[in-house]
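Paired with chain B in one complex and with chain C in the other, chain A is shared by the two complexes that follow.
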Partner chain A sequence: MNTHKKIISDLAPKKFGKRDTIWTISLIVIIIIGLIAYIDQLIKGQEVTNMRDYALWGIYISNFVFFVATSFVGSVTVAILRLTNNSWRTPLVRIAEIISVAAIIMAGITIMIDMARPDRLLNLFIHARLQSPITWDVVIIPSYIVISLLLLYFPLIPDLAILKEYFKKKKPTMSKWYGKLSLNWTGSKAQKAIQTKSIQILAIMIIPVGILLQTIDAWLFSTTYRIGWDSTNFAPYFISGAFVAGVGALVTLIYVVRKAKKLEHYITDFHFDKLGKLLVLACLIYLYFNINEYVIPLFTAKKGELTHLETLFTGSYSVIFWLVTIVGLILPIIALLFKKGRKPLPMFFIGLIVVIGSWWKRFVIVTPTLLHPFLPIQGVPESWHHYFPSLHEWLITIATLAMALLIITICVRYLPVVPIQRTIDELELNNLDKNTEL
Partner chain B sequence: MKNQLKFRFVFLLFLGVFFITPRLQNLHAQEVKKNKVRLKADYFKIMNGESYLNLKATSKIEKKNTEVPNIDFTIYNIFDDEKITIGTAITDMDGKSKFIINSLSKLKPDSTGTFNLSVVFKGNDAFKKASKDISFKDAVIEAELITKDSLNYINAKLIDKSIDSVIVNESLGIQVERLFKSLRIGEEFNYTDENGTVLVPIKESIPGVDGNLIFEVILKDHDEFGTVKALVNAPIGVPIVTETTFDKRTLWSPRNKTPLFILVFANLLILGMWGIIVYLMVNLFKIKNA
Partner chain C sequence: MEDKNKNSRRKFLDKGLKIGLATAIGSIGISKLTSKLNAKTNSSSNEKMELMTTDGTLIQVDSSEVMEMEHPKNPEYNVREGMPNRKMVMVVDLAKCKNALKCQSACNKHHYITGDNAWLKVYKMQEAEDTAPYWLPMMCQHCDHPACVTVCPVDATFKRKDGLVLIDNERCIGCRFCMAACPYSTRVFNWGEPGQEVTLNMDMTDHTPSPEHAGMPSVKGTVDKCDFCPHQIQNNELPHCVTACPNGVFYFGDKYEDTVTNGDETLRLGKLLEDKSGYRLMEGLGTAPSVYYLPPVDRLVDFEDGLEDFKEFESVEKPE
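After this line comes the complex of A and B, so read on.
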């Protein structure tokens, strides 16, 4: 019983320390700066961005694609690991669910930032054409937000009931809130049956929906017939890329949360080793699709696509392209193949590099293609030939990333990042097994 | 006293500036050299259609031939040294103008049956006055489509109306109207025989909208008759079948023409997905009430 109390005490949300407060305030300041930049963009129009007639999708869209990709972590770790009965997932799934929720909410917001007239948002629904991948996106993103929230919420219910009791005397107001959110959870057989069934349905459902989300995101590009995008490989390429971005984000965040919340006993080297193996698997699959996407066209592409590939391999985007490919993908694979590379600290840096690489990868996917339109660029201002984000775009984009981190921070502050009930259950099960063996 | 004189002097000087300046401007205006405007006038007649003059005004400005817009023309019918005004015209931005002659029967020809017109520009601030005389006789082309031994021909007869006589040994062009430029049919020169006629065979398989072709028989830039054109409508072409997806259900159609597969499949997915979501939300209430 004392062990239970210790687990609850260890895993229950704790008040922010000085460092956490500074972190949160910094995020809020970045968001406010971004908000000011966005208001200025609303007033002056998208003229304040560096997007022009050719590069009409800039970092807003690449950032959107990054968020969508990162949200895939919910499908991968929570659902797939659950359905394959990988018990090592327990201390990791909650953080994965939180990342998934934060990323998909920010994807929805980011796409609205890219709209020159957000006041016409409703038109997307009123004049929706079911043939358009944009409409599919309009449908799938809210659906995925709801599913991700449900996937976060259902397993949380028993923990919220525990927290209600835990904070009853210490913090009655918080206890009241946890009580309301715990939906009168008593752990009765009927409640457990409904909850288990619902989680099972969600775990099954989120995999096709997650794949659908990534596929639609890929089809947004590949249905445009543009060089660099017009590829039948694009949907699996995006799915595998999302796998990498999601697990990379999970590794990074788990390290930070583990350190900040002192959860070394719950999230051990064993978990990092397992996550490392999952990440290297993701990276290898992604590398395979990269080879399909870039190496084969190098030998078979027609002139237009060859020009595009030259821009990536040796041209103006070659530095970013090779950094993303070698540093962001190949080096992590090599490092993760060694046991030492799968230790917590190296894993944190690898995860961070993979996430940064994933962000720039989306930039490399979106922008160079737009600068190779169907007709040669003629008689236009010199600035239209190139694209690099303006200050407004950077400030707003950084603010969206900060906003995602703020959502995660708030969740980490008020929710148990490691499932309490499940940890107790697993401990009891282990003890039972040991007793049976004896 | 001295101050008052000074004031008067300044006042007069001030007034003087106002009087002198416009005069100087006039002097300056007179010094501006006017450009010479060149006029071009061509007579056109479309059988069973309109007759008109194509007018054009150009000028050599800074050693460059330039079209002159807004040139006012007055068109006269000259008859026995008498100038009868028949209308006015003004050039457009390309220096061009089309003057439609309402009816040739209202114009008075000379004793040889020749119509003498004069296009006069009276000059303006920038251009000197100019005029252009144009003379033409009325010619008629009678054209028809005939079929001999399953072959189609354009049969055309050229007649000088001033003397009611056929015109012999003049070349007529036969062409079929196309989208951008007419396509020549037969030989380049088809000379009229002693009956004033030409007979030109039509090749099969000329495509036309709904199989309709418009043939043109044309007497081009003739010194005496100007340009005369007769049009023959002939439903002998191969109908153009345009492969349009306008009314079909495609990816690029409006939303009321969504492909049925997408319509059914996407809606099933949406309904299925949201059906499960609703079921899961109901489960939350069930947990609460259990």
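After this line comes the complex of A and C, so read on.
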């Protein structure tokens, strides 16, 4: 029984320390700056960005694609690992679910930032046309938000009941909130049956919905004629890319949370080793689709494709392209193949590099293509031939990233990041096994 | 299956419209006739006039009965449906173009363009190193399978039966997906306030934007492009670029009538395209444009003549 108490007090949310407070305040400041920039954009119009008629989409869109990709971690870890019954996932799923929720909410917000007329948002429903991939996005993103939220919430219910008891004397108001959210959970057989079944349904649902989400995201591009987007390879390419971005984000955050919350007993080297193997699998699959996307067109060497690939390989985007490909993908693969590379600290850096690489990767997918239309770019100012985000775009984009981190921070502050009930259950199960062995 | 349904629906709509129109005209005719019959008893001169009815029979009418009537104007129509029984097309004769850019300045002027990217541009083109360069006037191709319309999430850009692809600037949400979809790069975005009041000294307060006269006024955060000037067609006039061109490069007309005109000469569309090997841009994409090009052969002008007007980085002149 004492071990239970220890587990609960280890895993229960704790008050912010000084470092955490500074972190949260900095995030809020960044968000406020971004908000001011966005209001300015609303007033002046999108001329405050560096997007123009040729580079008509910029980092708002690539940032959106990044968020959508990152949200895939929910589908992967939660659903796939759950359905394949990989028990090492226990201390990791909650954080994956939190990342997933934060990322998909921010994806929804980011795409609206790119809309030049957000005041006409309702037109998307009033005048919706089903054949537009944007309408598919309007359907799939809210669906994914709902499923992700429920998939975060349902497994939380027993933990919330535990926290209600735990905080009863120390913090009555918090205890009351946990109590309300725990929906009178008593742990009875009937309740458990309902909960298990609901989670099972959600875990199955989130796989097709998650795959559809990534696919529709890819179709936003591949339903056009543009060279570099007009590719049947795009949907699996995006799905595998999302696998990489999501698991990368998970690895990075797991390390930070483990350190901040001193969870070394619960999230061990063993878990990092497993996660590392998952990440290297993701990267290898992604590498495969990258080869399909960038090497195979070289064989037929159609003129348009060749111009596009030349800008990426040797032209104005070559530095970003090779950094993203070699540092962001190939080096992590090599490092992760070694056992030493899958230790917590190296994994943290690899995860961080993979996430940053994933973000820039989306930039490389969106922008260069737009600057190679079928007809030459003529009759427009010289500056329209290139694209690099403006100050407004950076401030707003960084604010959206900060907002995602803030959502995660708040969740980590108030929710048990490692499932309490499951950890206890698994411990008991292990003990039982040991007893029977003896 | 889908197509058939669409067609039958179209036919139904078309028929309904025609029948409706016929009854309307008929009832007007009857009421006129009865009023005439009433009038007849009062006064009748004995002069008779011979007239031919629309079905070809000769009739005699008392001359006091004859009134001059106004030339039939284009009937009213739904802006999203388009002019009934018409199909507008354009032919651009590349052999005649010498980059005089009068088309562009006329278009800029009459659509009150204030941005940095004209809706009509003349590209300096050269397919390969050892082939001849030529000037290529480009405007919206008003495709029959428009990629822009397919991807628009709110039906702000739409295709009409008369062939025109237009934009409802009151509905556009500014997602720019249509611009990404268009392979001809003809769509232009109002990134900021168009500022027609300031730059062009135009009072736009009285004008509500209409898809039938793009740029009148332009709307911040929405897409603009060549609209084939339906406001001109309604008045039985040619689009501004056609009339402005000193070299007769642009021919405009109705495919159903099989005629196109550049203002000076009127030609049979089918014969023109056959004789001069007309073609459409990027036929392989399946967009089926309404703009045809005649290849730059037997040129009347030197390509080099156009070079002095060529501006790599400008298509809209700014008033100083």
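The working rule: the second predicted complex is superposed on the first by the 437 of 438 C-alpha atoms of A that agree within 3 Å, B and C clash if a C-alpha of one lies under 4 Å from a C-alpha of the other, contacts with A are read in each partner's own complex, and residues count from 1 in each chain.
In this section, a contact is a pair of C-beta atoms (placed from the backbone, for glycine too) under 8 Å apart; a residue touches a chain by one contact, two chains touch by 3 or more.
Owing to the predicted nature of the structure, the values given are computational and were not obtained by experimental measurement.
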item	value
Touching partner for A:Trp185 - first (chain B), second (chain C), both, neither	first
Which partner, chain B or chain C, touches more chain A residues	C
Which of chain B and chain C A:Asn86 touches, first, second, both or neither	neither
Touched partner set for A:Thr268, first chain B, second chain C, both or neither	neither
Which superposed partner A:Asn292 touches (first chain B, second chain C, both, neither)	neither
Touching partner for A:Asn233 - first (chain B), second (chain C), both, neither	neither
First, second, both or neither for A:Gln131, with chain B first and chain C second	both
Which of chain B and chain C A:Ser318 touches, first, second, both or neither	neither
Contact residues common to both interfaces of chain A (with chain B and with chain C)	127-129, 131, 223
Residue numbers on chain A that touch chain C, as the complex places them	44-47, 49, 51-54, 56-57, 114-117, 120-121, 123-124, 126-129, 131-135, 138, 220, 223-226, 370, 373-382, 384
List of chain C residues in touch with chain A within their complex	116-118, 121-125, 138, 147, 150-156, 171-177, 179-181, 183-185, 187-193, 220-222, 282, 285, 311-315
Contacting residues of chain B [partner chain A, same complex]	250-255, 258-259, 262-263, 266-267, 269-270, 273-274, 276-277, 279-281, 283-284, 286-290
Chain B partner contacts - residues on chain A that touch it in the complex	127-131, 136, 139, 143, 146-147, 150, 153-154, 157, 183-185, 188, 190-191, 194-195, 197-198, 201-202, 205, 209, 212, 223
